[in-house]
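You will see chain A twice below: alongside chain B first, and alongside chain C after that.
Moving on, here comes the complex of A and B:
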């Protein structure tokens, strides 16, 4: 910019006022031209995001106001009836409860374990890049594989985990068919898969904290625990909130463990909201109702994101 | 560092490493077991004879070659579209000046709050109306670009000095020429990051193909394997062999790019 500006100034002083005004009109012309170019380059994005994001959300809200099969079959305008039905449905409430438990469980555990691992890996340990890569690895693996492996491991008859328990004389456990164990188990499986992501983000944040902070703290006589409490943790607040937002948005709509591992059972214990919506839409073809459920989830995600960003904006100054 | 602290750190980290590696080794072991091993009632870690024929069997029971090809076409197609559009749109937001820029940028970023699952029902209806169910374009086009990719590219393009672009402009280079000859070569590592992340995550995608594909021959390997598993449920040697086939490309890609991959995720998190 600086070079361009001085060049313009040199040109205009050198060639008089006529050249200056010519230069200015060319600049104005350039601006209009750049606007035109910018919007033509943007046009694929404008079309794409309209067709695949904004229009569908509008369409979904529209469909949610009808009972039956709006857009694909017979339907009748029903106002907000679908929303009222949804909020009164005990099965919906159960699935919302399961989903919140799942999302909050996965998020808190990933943050706690991810931070712990990041703190360990932030030391000068030989082989730490390899360890880091291995622990991160499950994050990039398809949930289809993850589901298959853990179903095999947890199988009550042929699974290796029950084999180990049997060696210690313990009874066979059928975790995935136990209505009090199934949800914690799928939370644990998701944490196993995703914790590497939180670990990497924390590691990046830890590496950006200047070492002077710790030197100053230790000169003041702060113990390692105090250093963590008063230096590391407050400095990591934006990172923690970032991971929390990303994880909550991801997990609230996650369908994979419910669909692939438990199929919502036993007794709806792991019937995540997403699975409920999926079945209402594609098994029961109850499009209007499913759209209302889906739109409710949109509002929930919007609300949570909003609250978390408010927290982020408040706490970001330390 | 004291050696007790080092011992403590290694113990916990090695436990973590074991927990991450063991399940995959177990899958490999299962995929090489015979039916007798599977149903013996005693879980086996290292089978006495390795039954490689499982891999041939599943190839005959389901068209895994076609599934794999579909996955490559779909994930590859989506990655190619991302590489075309994300940096271009990112460049417009990073370096061009025009009225309505802020509004457009916020609009693009706001799509991050409309995740796929929430759009799935209307997307299904739209795709059906276009006649794109069971087609490659129906599986590729809905994921052609992403606000995340655009934002990432904008962050990498912004630090390129404006002087460099102005100099090219004075030399008579067009906007597209500047983008193609100056901007793109500067952000090559970021493009590789984008390609890697996009490919891996699209390779794993199973929900949209589950909804938008009803014919066996159009299935990618994720849903192909899911339905295979439902059919051969508890016959773990068969399903594990399918799992290994789906797993190997991810493993290879990660092994070759792991340092780079880990760094790019860390970087993307900060930016």
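Moving on, here comes the complex of A and C:
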């Protein structure tokens, strides 16, 4: 409006090019002013992201081009050798496979169980608030405490679970010492911890679906299963996409259960990719190689998130 | 008063308080192992602070892996602590990277008065040196050996602990039953070394630049332990994880007849079950009597802010009277020759027994560490040993494969 006013003034006084020049200067000045204000308002976020995200990512990529101990000790330029080594390393492939299994397992189970619990606890049940709180509680506990609790439960010799099994005359199990059982066990522990979050998000989504939809479906003769299939599930797809993407990104980066409960064992069965990177950096002091692994992980997560969006977004009903 | 004047007053008061708190207070940061935070060391730190007015020692305690993570991050940020306790191997590893302060000037100034290096056992000095430079001072010198439950062995008909592998297997099988186990091995790979060493196996040959763990002796050693667990069912399967206290807990709870451990477990066993009738045995003898050595050293990072004060504190922490106080409190064995000769130490049967193992204890990775590839190879070894113990793959299949992979790393630049 101000610019229009200036133009009107220039036309009425008939000052020609001088007026246009004044108008341009004023308009540019105002734009510059607005840009300055915008950047000023954005600057805390820009500085924050630059210092804590973009700079470390750049530094990590730089370090990945060196062998040895870039950033702390002696190193030499190695180009993309670290990337080539990583792609040829069978242990990297094994840890990627374990990580994908873990992330998909946790995400799928969290969605299925979280949705089931949300549907159940969305009904008028006695004590449902307390039950919701109990289910959500593990989510707010530190993984260190969760690890200690489950180690005490699953220890093959002193654990509570094997004690209970033995009391019922059932065979005891090597929960954490069996290579084929260890990964499913830590998936189950993570689901136990995280399922409350999925349940809470689904509950919020369920409560936002208007009851009119169900009434209309009911009048049309839809059974409860059909109501879920044709009303509830389509309207929950944005929530499912959100949980799936957030959970996958989180679980692909997860280190705590493998580090705290099994230390990557037995025989590398639970060596998640983050633990592999962590050990390369802090145990082997192979900083350049660990940086290359981290960068590959970044690309892997980016790729998986992109695929998730492409696959799930097709069916999302907003 | 306007809001602006109020804000200025508030900010000014805050800054003033902050500056006055910081003024005159110097902090010496000490990284320490949580399991070694004995009262005797707390007393030393308290006396140091009393003798150095205006100085405060920030005594930060960690488990070893967590300390390593924190320390590496500190070194990268050029903000390391002033003094660090390390579990063996870090001195040479970080020293090679130029991350530690050489201590030669300090030793030249104070060495004679504190007895360093003359009063230290030779290997405790050598493991903390690179070329002719001292980079660390040993504070604990330990070894692992056989610890046994006297009553459980007596109940099974054994008046004396086993001395050979055959006797050990016999005792382990005889004491297993009723929810109790003859032997509880530790998941940490350092503990596997007693078996390798007793079968005459060394880790690394510097002349050929190869590891020796693909040999028939190495295969026999690890297969002996695997068979004890898998075939004889006379030993627990070590619980995969980062908790290395499992065997000690089973032993203290009267559920394991024998474990291999060192003086670091004396205090937990004594306090965990004061009525337990237990003793320390000499290490087993197969081809030779041998065991692994361990211990803790103190080092000062190159970028430490207060190296002089760190050295002053270090001198107090390794003093003979401190060593004896720590031994009395926790049973820890020490690197000073005068500690070994001390009559009070010699009179303690448990400590004396651990002390007797020190002469034949080996610093397993001493030479491999100098290659700078020790950690990578140790990680491979851990995977290999776990494959044998947990996945029951024959040692004859796993160990040569491990040796080939490790030697490829050693041969690479």
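Observations on the structure shown:
Just so it is clear, the second predicted complex is superposed on the first by the 263 of 318 C-alpha atoms of A that agree within 3 Å, B and C clash if a C-alpha of one lies under 4 Å from a C-alpha of the other, contacts with A are read in each partner's own complex, and residues count from 1 in each chain.
To be clear about the criterion, a contact is a pair of C-beta atoms (placed from the backbone, for glycine too) under 8 Å apart; a residue touches a chain by one contact, two chains touch by 3 or more.
All values derive from a computational prediction rather than experimental measurement.
Once the complexes are laid over each other on chain A, chain B and chain C cannot both fit and instead clash. Shared-chain residue A:282: touches chain B and chain C both. Of the two partner chains, both chain B and chain C are touched by A:72.
By the document's definition of touching, neither partner reaches A:257: not chain B, not chain C.
Counting the residues of chain A that each partner touches, chain B and chain C differ, and the larger count belongs to B.
Look at A:105: by the touch rule set out above, it reaches neither chain B nor chain C. When the two complexes are overlaid on their common chain A, residue A:125 makes contact with chain B while staying clear of chain C. In the superposed model, A:157 makes contact with both chain B and chain C. In the superposed model, A:114 makes contact with neither chain B nor chain C.
Aligning on the C-alpha atoms of chain A brings chain C into conflict with chain B at a single listed stretch, 73-81, out of 37-45, 73-81 or 199-207. Counting contacts by the rule stated earlier, residues 71-72, 155, 157-158, 260, 278, 281-282 of chain A appear in both its interface with chain B and its interface with chain C. Of all residues in chain B, only 1, 5-6, 9-10, 12-13, 16-17, 19-21, 23-24, 26-27, 30, 38-39, 41-43, 45, 85, 88-89, 91-92, 96-99, 101, 104, 107-108, 111, 113-126, 128, 142, 144-145, 147, 150, 162-163, 166-167, 170, 175-176, 200-201, 203-204, 206-207, 211, 222, 225-226, 229, 234, 236, 239-240, 242-243, 246-247, 250, 254, 258-259, 261-262, 265-267, 269-270 touch chain A in the complex they form. Interface of chain C with chain A (complex): residues 65, 68-69, 72, 75-76, 93, 97-99, 181, 187, 236-243, 246, 249-250, 253, 255, 375-376, 379, 382-383, 386-387, 389-391. Across the complex, chain A meets chain C through its residues 69, 71-74, 91, 151, 155-158, 174, 176-179, 182, 259-263, 265-268, 278-279, 281-286. For chain A in complex with chain B, the touching residues are 1-4, 7, 31, 34-35, 37-39, 41-42, 44-46, 48-49, 51-57, 59-60, 63, 71-72, 116-117, 120-121, 123-125, 129, 131-138, 140-145, 148-150, 152-153, 155, 157-160, 162-164, 192, 196-197, 200-201, 203-205, 208, 239, 242, 249-250, 253, 255-256, 260, 274, 277-278, 281-282, 287, 290-291, 294-295, 297-298, 301-302, 305.
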